[in-house]
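Order of writing sets the chain letters: A, B, C and D. Residues in each chain are counted from 1.
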Amino acid sequence: MVDPSLLDSLDGQLEWQRELYKHFHRNPELGLQEHQTAARLETELAALGYDVQRIGGTGVVGVLANGEGSVVLARADIDALPVTEDTGLDYASTVEGVMHACGHDMHMATLLGAAKVLAENREAWSGTHIALFQPAEETAAGARAMVADGLVDKLPRPDVALAQHVMPVEAGLVGTAAGPILSAGDSLKITVHGRGAHGSMPHNSVDPVVLAASIVLKLQTIVSRETMPGQFAVVTVGSSNAGTAANIIPATAELRLNIRTYDLALRKHVMASIERIVRGECAAAGSPREPDFEYYDQFPLTDNDAEVNARVTTAFTEHFPAGQVYQATPATASEDFGAIPGAFGIPYSYWMVGCVPADDYRKAVANGTVSSDIPANHSPFFAPAIDPTLETATRTMVLAALAYLGKSN
Amino acid sequence: MVDPSLLDSLDGQLEWQRELYKHFHRNPELGLQEHQTAARLETELAALGYDVQRIGGTGVVGVLANGEGSVVLARADIDALPVTEDTGLDYASTVEGVMHACGHDMHMATLLGAAKVLAENREAWSGTHIALFQPAEETAAGARAMVADGLVDKLPRPDVALAQHVMPVEAGLVGTAAGPILSAGDSLKITVHGRGAHGSMPHNSVDPVVLAASIVLKLQTIVSRETMPGQFAVVTVGSSNAGTAANIIPATAELRLNIRTYDLALRKHVMASIERIVRGECAAAGSPREPDFEYYDQFPLTDNDAEVNARVTTAFTEHFPAGQVYQATPATASEDFGAIPGAFGIPYSYWMVGCVPADDYRKAVANGTVSSDIPANHSPFFAPAIDPTLETATRTMVLAALAYLGKSN
Amino acid sequence: MVDPSLLDSLDGQLEWQRELYKHFHRNPELGLQEHQTAARLETELAALGYDVQRIGGTGVVGVLANGEGSVVLARADIDALPVTEDTGLDYASTVEGVMHACGHDMHMATLLGAAKVLAENREAWSGTHIALFQPAEETAAGARAMVADGLVDKLPRPDVALAQHVMPVEAGLVGTAAGPILSAGDSLKITVHGRGAHGSMPHNSVDPVVLAASIVLKLQTIVSRETMPGQFAVVTVGSSNAGTAANIIPATAELRLNIRTYDLALRKHVMASIERIVRGECAAAGSPREPDFEYYDQFPLTDNDAEVNARVTTAFTEHFPAGQVYQATPATASEDFGAIPGAFGIPYSYWMVGCVPADDYRKAVANGTVSSDIPANHSPFFAPAIDPTLETATRTMVLAALAYLGKSN
Amino acid sequence: MVDPSLLDSLDGQLEWQRELYKHFHRNPELGLQEHQTAARLETELAALGYDVQRIGGTGVVGVLANGEGSVVLARADIDALPVTEDTGLDYASTVEGVMHACGHDMHMATLLGAAKVLAENREAWSGTHIALFQPAEETAAGARAMVADGLVDKLPRPDVALAQHVMPVEAGLVGTAAGPILSAGDSLKITVHGRGAHGSMPHNSVDPVVLAASIVLKLQTIVSRETMPGQFAVVTVGSSNAGTAANIIPATAELRLNIRTYDLALRKHVMASIERIVRGECAAAGSPREPDFEYYDQFPLTDNDAEVNARVTTAFTEHFPAGQVYQATPATASEDFGAIPGAFGIPYSYWMVGCVPADDYRKAVANGTVSSDIPANHSPFFAPAIDPTLETATRTMVLAALAYLGKSN
């Protein structure tokens, strides 16, 4: 059992964390443009005694080597969203059209806080702590950028990786789960080719509007017929665009698909089925050219290692009061965190931290109005309760690290 | 100009024709089973002095060689339909479930009548008259059977072929047209292959029910998008059958299509498009086996030669009172007559003869109730007015023959 | 903890059970026609001292009152399937075209065996045991028939109901689960109305073939778009039939659907969506008459009570060697058992018993050929290994009853 | 028979017409912005002695009253297209992105030429000639604008209206036809309403992408099933647009349709069917709001009066060498000319004038490359041969007017 007495030092630093949080919230930056944010992170980490380096442009990594033992990598994401804030908070975004609407500001203030606890209580643990601040999570570009920039070679190889996310559930609660916790997400742009013609001369055309319609309907069968009932798979055609005028049959149509899965074999099957259907429909339509497929915004599956999750969950349940740690159900959202442990080939766990004032949340549950009354991530009204969210989240980041770095007592 | 004085002999023989008509109507026989009918035709033709032979089983052909000149082939079809008569006529069918519901009995009585006029007035014309009685028109099997049985070798080569059909328009009227007058008709059985499975396990199946549905919808585009607007083409899926139970996904689905065209290039295009669509949809569905295509009941285009039609029409307009010969519009029905001149490589014309009592027809036109009040061919209520239909039809058969065989005066 | 010493008597009666099993297997009877079967069950139950009555025609129920205590209802189903046996067993079906291909013969031999153990060891337990033999499970008609015949009034009210099913997994294994274990299954016949016409005159028709195709494709969206990703729902169109000839547009089309769900709110939603889609498509097609919906073969959800399952599972794990009791995953099949406890308003549990020889099963697992090599229920080759299936199944039936009736030791 | 001797004066004015043509071609103006064009037309007409007035903004009408007799209205359209010229002609458009790509410049030069012939040969005819120059034909707004501006009250009531169009057939040829010669054209914007959601949560959406796809496929049945085979109808979905991102299910989808018909009852039927299908599909999809329908760019049917066409055609065939006047087949394009005689309630005829150099055209016909080698109207390469197009077209405009205004000789 971990000795969490070092968490006693938390009280003295929370005000500093609150200010950090408000600072980041006021000054959001979009993915791969987090220049001010990265600079501030460097400063803070260095002040705590971490060895700091830039990896992947605006990625910032601090390493605190503290004797023999395991190496733990804790990750926070740092980018904001192109959302115009509408919370009315006195620390609201000062950047028009950009907002920390997904809580990454909270993740930064939390990981800095955990680093401070660890840095100031080096006698209580042994090993190496890596605080990794990743850019551009929202566009699935940041983890990839760090890996491409030599992440694996620039850091000691961790034994385990950790991350968390604030969620619109009651503040103070912590949710963990083994196995898939966030879906793999893949976007796919498909262009199909017909032959344009005047609207009054369909016989001179290969009509891509009809072709695209046929594809959209046929894609429904991947989930309805090809996926085992009860298995999670989503194939959404988020956009379908062809033509601009009523009386001109266009030459092409463009579809943009989003694919979500928890099972990588199924993910592969879904992709193969999409391509098979599109090619078959193009053949059926007499399309004069092969369709084009372009995958983008590809998020890996977030698939918690059972052993890591068990160890982390035990650390939480031993520490928090009964009822505060719940069994999280997989969410349909996606994350690129998995690419980081993936690059090292190490296990990881990712957990959820509630951020909604308890009274608000319980009232909404009682009224059955959670989805309408509680602003979720990406909403212009998303406003995590600083307390107790910040403290709970920081505790989880310290406890999970100690599960690997703590000295046995 | 033809000298139609030989038609004066018609009056004396009409009662004999009426009895023939009633006899055939009372004793209908289905295609390729017209044994009694054929025997009677042989007897009558022989009595008129025609050289008679059987060709194609129940096909009967009489040849009357009458000196130098052209050779004219006149054809009547002789089979009945699997329809239960409901006319209440005193000469109604005596065969349960079989009826001359398409007027082939009238065609026989007419051609025998024309043969009698020609046989008894040999001095008025010169050349050779062939009276051909063809079985199994309704199933597109009869003309083919006669051709397969050596039709071309067994007869002198005609210069022209003639045929007619009774239609639900005013009796006494005669309709002619150059070019396509009846559509090419092709039936096609398509079997598509999926993989069966229990209804609760769609992921183990390739669902042929969904595949067939997709094909049916996609086939609509052949007419709506691939055919020049205003050009005649029909692609009907008359039957679509798959599976028998709610909870078993079947292994195959079967579609039966009917295709109608006036233009042989378009016919070929339609067939190619059907096969392209079906193959493409099978590919899209991941079908484990190539689809099967089986064409059947294939009726050729009935495409009147412009010159023959002009010559025949002139013979009619010179003879009949003004207003009795009308410009026929192409009908969507089909015929296998064209296969006979096709075998010889000779031109032909095919015309329409009205058979509805004038009062009934005009009243229905005035009320806008033609389609509901006038029983059409194939109806259990189809009952041609014997007079003047029989006389008018016989006159057209003599006049058209004389257009080629008549001595100039 | 239950005292299972009464199971010692099992050895002495197994041969009798084997003979019963072979007898039932040789003499299968279809649902609601189980006359010989019911007569034999009556005889056997009476011989054991049960008070026997007929309920619902061929349903047989025996009650053994044995002092104070709980009332436990154990149910076995008794009907066979219209399958022609192809096992080559020396005790194969002697009735052409009828076979116990689902293992109900094993269920009967098991429940009679459990009854004999209880009857001969009355000192070891206290309360009332009801052995209920239900007809016509396969058609979802039998439980309903028993309820309609006054089941609730004719029996003492049970505290709990129990049932089991042999499954194509390794013999000797027992699978239990809380919550939904078998899906709700509903069949639905839909008739949509168009207007018939000759195949060459589509403009005179409302084409039901195209309408049905459109419905089939649109129904796919219920699972692909309207069901929460990962939630279990199946909408299968097992049969789609319209028309018989290529050149006749028929007047109606018939679809037969099978619906599977684990969640009753979702079941209701799926049914409402089907009806909405069909009505909308009929409106889109200009259908001249409202569609007809006829639900049939409706199986309730089999939804194990968490507490009953826990109690039964504990009884099993305390008794069987480690590894023999596994966590069953819900199967997509359906059962009408739930209607019986449903009529009483009592909780129940339903478990699985393996029936494939261990060697065969493990080899197939190793080769990845379970689905192709192991004949499943309803297969003409389905042949449960009598040993140890019969013994294991009988033990579960006794143990589960004792979990409620056993005297504490 | 008309006395065409006044056409002798044509030789002397053709160079003036050529210059006018090149002037208009160099200075194209878009619909309702034809300010320079209209000013020049006013000047020219006034110089010829016509009473000139503006009607409908940039519409210019000249009236030449010349004694007793009929009143003939001849119409030319004057607007250019948003096309960037690519002909390389030395008199090419000087306005970037605007081009007389439809030949309206030729129509203007022709009608001014005819006016000059008539104005200078007043002794040869009697009655009133109205030269009407209409703006904005391409957007179907110009004729409507003139009617709305009091056209009917501002002019003497004509007995007949005349118009012509240059076509990509051999220059020197003139095509006429009775009945429908250009289709009715209607554009329709349809907005269907779903409910937006994150791409991973389709169950929270009503997916308008799938709804629109379903509508597109179902619309095909209007031509394939609801229209009499061989009857002209076009339903083109020229654009279908919904959504912008892969992972966001949008709230609406927009379709733009173009409808073409020759028969006004069918036009009405097609529109009713479109609305029925869209409403039905919205109902099937559970759309939360009624769809929106907005018709625009509505072109009337151009339906030549049989008597006017006969009179005009006779005037042409008596004048031109044999073979130069051909029977035009209806074109699928549309025109708003019909709205002008429609406002007066008078009959009209509209004919075609070839404009492709004979050698080019015949070579393309021989090679079967007409559609690829001959630039058609609206092409950036469209370049009518000034000679003999201008002369032929002017002759037709004079001859057709004289058919009503000529003194009998």
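The rule is simple: contacts are C-beta pairs under 8 Å (C-beta built on N, C-alpha and C of every residue); 3 or more make two chains touch, one makes a residue touch a chain.
Per UniProt, the chains are A, B, C, D = Hippurate hydrolase.
In this text, all values refer to a predicted model and were calculated from it rather than measured experimentally.
J.: Which chain's mean C-alpha position is the greatest distance from chain B (Hippurate hydrolase)'s?
T.: Of all chains, A has its centre farthest from that of chain B (Hippurate hydrolase).
J.: Please determine the option from A-C, C-D or B-C whose contacts repeat those of A-D, over half of the contact pairs being identical by residue number.
T.: B-C
J.: Could you let me know which interface, B-C or B-D, is made of more C-beta pairs in contact?
T.: B-C
J.: Please compute the C-alpha centroid of chain A (Hippurate hydrolase), do the same for chain B (Hippurate hydrolase), then give the distance between them in whole Å.
T.: Chain centroid spacing, chain A (Hippurate hydrolase) to chain B (Hippurate hydrolase), equals 71 Å.
J.: For chain B (Hippurate hydrolase) and chain D (Hippurate hydrolase), let me know how many angstrom lie between their CA-based centres, rounded off.
T.: 43
J.: Round to the nearest whole Å and give the separation of the Cα centres of chain B (Hippurate hydrolase) and chain C (Hippurate hydrolase).
T.: Chain centroid spacing, chain B (Hippurate hydrolase) to chain C (Hippurate hydrolase), equals 57 Å.
J.: What are the residues of chain D (Hippurate hydrolase) that contact at least two other chains?
T.: Chain D (Hippurate hydrolase), residues with two or more chain partners: 200-202, 207, 210, 214, 217-218, 220-221, 224-225, 229, 231, 234, 260, 332.
J.: Across the complex, what residues on chain D (Hippurate hydrolase) touch chain A (Hippurate hydrolase)?
T.: Against chain A (Hippurate hydrolase), chain D (Hippurate hydrolase) makes touches at 183, 185, 187-189, 198-202, 204, 207, 209-210, 212-217, 220, 234, 236-250, 253, 256-258, 260, 297, 332-334, 371, 378.
J.: What does chain B (Hippurate hydrolase) use to touch chain A (Hippurate hydrolase) in their complex?
T.: Per the touch definition, chain B (Hippurate hydrolase) meets chain A (Hippurate hydrolase) at residues 200-203, 205, 207, 210, 214, 217-218, 221, 224-229, 231, 273, 276-286.
J.: Can you list the residues on chain B (Hippurate hydrolase) that touch chain D (Hippurate hydrolase) in the complex?
T.: Per the stated touch rule, the residues are 217-218, 220-225, 229-235, 260, 262, 330, 332.
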